[in-house]
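Below, subunit A partners subunit B and then partners subunit C, in two separate complexes.
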Partner chain A sequence: MKIVIVTLLFLFSLIGGLFSQVAVIAHKSVPVDEIKKTELLDFYSGDIKKWSDGSNVIVKDLKPKGDVKRIFYKFLGKTPSRMKSIWLKSMLSGEGDPPEAMKSEEEMLQKIAATPGAIGFLSHTKVNNNVKTLIVIGKK
Partner chain B sequence: MFFVRCFSNQRVQKMKFKNLNLRTKQIIGFGIILAIMAGDHMFSIRNMAALKSELDEVSKSWLPRAVAISDININTAKLRSNQLQHVFATNDELKQDQLIRMAELITQIEANRDTYEQLTTQSEEKNLYSEEEANLYAAFDDKLDEYLELSFEFFKLIRDNKNQEAIGLLNGPAKELYNEFSDNLVKLVAVNQRDSFEAAARAEITFNSTYTIMTIVFGGTILLSIFIALGLVRFITVPVRQLEQAAGEVAKGDLEVQLHINSKDEIGRLARSFNQMTISLRNAKQKMQRQAQTLRAQNKQLEKAMRELRETQEQLLMKEKMASLGDLVAGVAHEINNPIGAVNASADVVRRCADKIESEARKNQQLQKTTKILKESAGVILTAGNRIAAIVKSLKNFARLDESEYQKTDIHEGIESSLILMENEFQNRISVVRDYHDIPEIVCYPGQLNQVFLSLLKNATNAIEGSGRISIKTTTENGHVRVEISDTGKGIPRRKLGKIFDFGFSTGDSRVKMSSGLSTAYNIVQKHHGEIKVDSEVGKGTTFSIVLPIK
Partner chain C sequence: MCFLYLVAGEDNQIPFFRIIKMTLKRTLILCFLLLAIASAGAQSEENPLRIFGYFQNSLQQWTAFQERPKQNSFSLQQLNLLFQKDLGPSWTAFVNFEFLNNFSSSRQWGSFNLEEAWVKYRASMRFNLKLGLLVPIFNNLHEIKNRTPLLPYIIRPLAYETSFSEFILIEVLTPVRAFAQAYGFFPAGEAKFDYAVYVGNSPNISNDPSRGQTGVDTTATFLFGGRLGLRYGDLKLGLSATYDKDNSAEDLADALKIARPELSAIPKIRFGGDLSYNFANFSFESEFIKVSLEKDAPKLERNLDFYYATLGYHFTEALFLYGSYWLLDSHAALPALPNEIKEEENDDIKVVTFGASYNMLDRVRLKVQFARIRLDEEELQLQPEMMVRRTEDDFSVFALAISVTF
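The block that comes next holds the complex of A and B.
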């Protein structure tokens, strides 16, 4: 009986590792409590630059390549390079600079918490009360 | 229903093709041909579909992918070249143009990437997107990502007028990255080209193999169809032809025909019925033949009986005639004998009286003359009387009425009696030559034998036209007596010789009377266990020979 429980726990932990969850977070001041994929894509591709209350949307990217970045971009339906192409085009046409890329998830958390209108992503496990979670990507 | 029947048959006995119905045979034969043709068709359709999908993949995916990647390669090269030019551009307007141009290039690159990714997604669904290509593209994506990140920095440096640093960036890490992803792109094109070629080669191989197989299978199908058709012909036409031939032979009358067709189909059943039919026919024919034979035998017996009856009747008639003739002759002879005796005795007395008168009347010339006449007359009377007595004796002898039983008889005596009776018919025209040898008396019915001699003598007399000769020869040989009676008459034609002893036979008007005579003679000789033969030559004469046993 014990062996079975231990085995099950081990399996659950494995599944948890495989399906690590990514949380889309925002500064607490943003006027929304949740966000859909299309809206997220609109923000990240720069099609929509303002929140519903008129404040600027400040998009943050994550520099280190890893599961978090991979899961997030997969959710968006774009590869990082394709996203960057869009940003470069915007930059060239003078519409604005590309989002700032955070060097770590900790920096991401810190920057989002400190920047009004900011939106970004990180491991769900690393989310704290300083930020607002808009959506959690990946199954529980 | 059919299959159930087949199955049940199979359980009862090992199912053989030849035991099937004609209909089933034909259905199976054509079914096999049809199945093979359907198989050929399915095979070719399947291979053609494979061929089409290969070629489709080449034309719809690999080649467009290669084109898209080439375009990306060109456009990234242009992007990089524009970036380089951008550093050295002095004119603001030119710089602005270049920025617009670069944005356009990025748009084109994105469009091509869209195209490529869409195509690869489709190929992936068909499991035709190779891992190698996927890895190459992922690597390209990665490098491009880094390059673009450097591009952000580059443009920021340009904006801050840090041209030297911008150039350093572009010629340093960016150049390396560019070379790397450009390499990846070139490789991607190569991979796509290679895959296209391989697909084309595969398509060609598939086409060639399909073509070869189809040719072989087509030939095989034709051969098999011929084989099956011949088999059907063998199973259907050959027995029918055998049946036809057999029927023809039966029609010609050969009932020994038997068919050896063992199949259990309609033809087999027909053949068995046919065999039974011929057997029945044969039996019926044999029965008929037996009946006909019996009928013929009975008919022959009947004919024989009829003939015997008629002969017996005739013989009876003859016997009756002879009997009455015998009675008459006996009566006449008896009546004549007494007066003849008186005549003879009186003639003797007359002669002796005449002798006495002669001696008394020697002196009387006239008397002498008278007595002489008297004596002569008496002599004539005596001679005539003796002759009459001899005839009567012969008549009695011939008739033998007193001797009708089996007894020893002298043949010569019988022949002579018959000759005496025939003498009147011979007259002067026929001479008789006797060649008698010393023969023993034989045991016989003398009266009947005399009848035979008389018949033969009459026959000989009738055969002689005008003058002629009858020769009679008697001899002995091996316990037998042979009597030959030959004439110098007209003879009997050879073709009629065999029939002359038949009852009622006649060669002409002159012989009608004798017709029954020869057959009677034949029967009498037969009764005496003897033989009667005839030998004749037309124009020269006929010889009848009778051989009779002595005892």
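The block that comes next holds the complex of A and C.
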């Protein structure tokens, strides 16, 4: 019986993972309506620090480890530890600070909605009209 | 009555109202100063001065070599204190103090250096300008050579091991400082073309107070250098070069009984190349550095070649294993007058090393490293008769370390 339950839980988690969708969201003031993977990586790696209108890009990270974070960084082609290493290099070289890490997806949503130039990510199901969705990662 | 006068002297009595006036005046000045400080504090809340840094503590065991017996030692290899402040939307100031080898001025241990103090203007990704004392962009590892938390090594590839600077010519191998640098990148599809150009002092820095100000270049020459690079996904490669003129051989002139200017301003050229690539859980990085000082009449040569290659594997997100090979080859041929001894020296240091690093926390990294080092020294006496002296030695280093960012 235990084996059946464990197998079912494993399958549900796999299916859950397959159906998870992550939305990349930004403050409504940002001058774009969509974003490419390479641009997103440039923002998160700190290579590009300004939007096309000259306003500052304020990148937000998610603290809890989980599917949302895993899917987002897999999309960028970097592991979370690789990204942390890039941010640490940037910080220790005086080139920029690591992004602020949000404690929850709810905090992410509130901060992005309240901070001009901010960009972050969370589960697609949690997006509301207070932010702009730039891209949705993962298939339905 | 004595309460109404401040007695500074019998003939110099100050009335009470003057004391009140002076006190009020001083209080107002103090209030003004406090307001100014509070105002500055409020401003600094918007762009606070950030103080952070990192250190690496190690335990190293060296087996015996040459005349040195086996030794074990704990060491605070390096501690860096960093100060950063954003001065405006595009301006940043940065200061880096570095303490090496258990630094203690009273005990005359190690060294304390002002490594960096610069202000940066960021116009765009295509153009950044740094002005002030800075570590110029050369090869890939040069950029982060002193950022121990970023490196899996305890003992870094020899050209970058600052704590060995007392016996390896680190400042000859790499350009350690410049004073103005422009850099940036140009995107082209998914590729990025990096560039950096800089200018600094040639290595002719005075440390003799009797000649005037120390720490300044005593010649009219400069260091010029730069790097061109390409980044494409997880591939990064680049070519670097510097040019300056070196006066360090001048001291030989007296011994060789020739005029000092004959051994001054010797052109020194450095070339560097770097390649790094990540694929799946593997990472590969390698570099070369070639330094050459050459002068005819009298003939003087000094060449340094350095190579390293590291293959690593991310066993897990936190655990990284690697193996690396380093080679430092140096050749020196000194000038000689007829009928005097002429010598050439060829020295090799070869290192095979293995290690691992483990991120206990985001900012705490444990490291372990084993290195097998081979020293080959060869002295050739060419005049008046040919003689060769060779010495060879092998030794091992085992090291444990903790690297902390705070």
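As a working rule, the second predicted complex is superposed on the first by the 122 of 140 C-alpha atoms of A that agree within 3 Å, B and C clash if a C-alpha of one lies under 4 Å from a C-alpha of the other, contacts with A are read in each partner's own complex, and residues count from 1 in each chain.
In this section, contacts are C-beta pairs under 8 Å (C-beta built on N, C-alpha and C of every residue); 3 or more make two chains touch, one makes a residue touch a chain.
Note that the structure is predicted; figures quoted are calculated from it, not measured.
Participant: Mind checking subunit B and subunit C on superposed subunit A, clash or fit?
Facilitator: Partners clash after overlay.
Participant: Which holds for A:113: it touches subunit B only (first), subunit C only (second), both, or neither?
Facilitator: neither
Participant: Check whether A:35 is in contact with subunit B, with subunit C, with both or with neither, and answer first, second, both or neither.
Facilitator: Neither partner.
Participant: If we overlay the two complexes on their shared chain A, which of subunit B and subunit C does A:49 touch? Say first, second, both or neither.
Facilitator: It touches subunit C, and subunit B stays clear.
Participant: Applying the touch criterion given at the start, work out whether A:84 contacts subunit B, subunit C, both or neither, answering first, second, both or neither.
Facilitator: both
Participant: Is A:136 in contact with subunit B, with subunit C, with both, or with neither (first, second, both, neither)?
Facilitator: Neither: A:136 stays clear of subunit B and subunit C.
Participant: Please write out, lowest number first, the residues of subunit A touched by both subunit B and subunit C across the two complexes.
Facilitator: Subunit A residues touching both partners: 79-82, 84-85, 88-89, 91-94, 97.
Participant: How about subunit A: which of its residues touch subunit C in the complex?
Facilitator: 38, 42, 47-50, 56, 77, 79-82, 84-85, 88-89, 91-94, 97
Participant: Could you pull out which subunit B residues touch subunit A in their complex?
Facilitator: Residues of subunit B touching subunit A: 99-100, 102-103, 106-107, 109-110, 113, 141-142, 144-145, 148-149, 151-152, 155-156.
Participant: Quick one: in the complex, what on subunit A touches subunit B?
Facilitator: Subunit A reaches subunit B through residues 79-82, 84-89, 91-94, 97-98, 101.
Participant: Report the residues of subunit C in contact with subunit A in the complex, numbered from low to high.
Facilitator: Contact set of subunit C toward subunit A: 50, 52, 54, 82, 84, 89, 92, 94, 96, 116, 118, 120, 122, 124-125, 143-144, 147, 149-150, 185, 187, 190, 192, 233-234, 278, 314, 317-318, 359, 362-363, 405.
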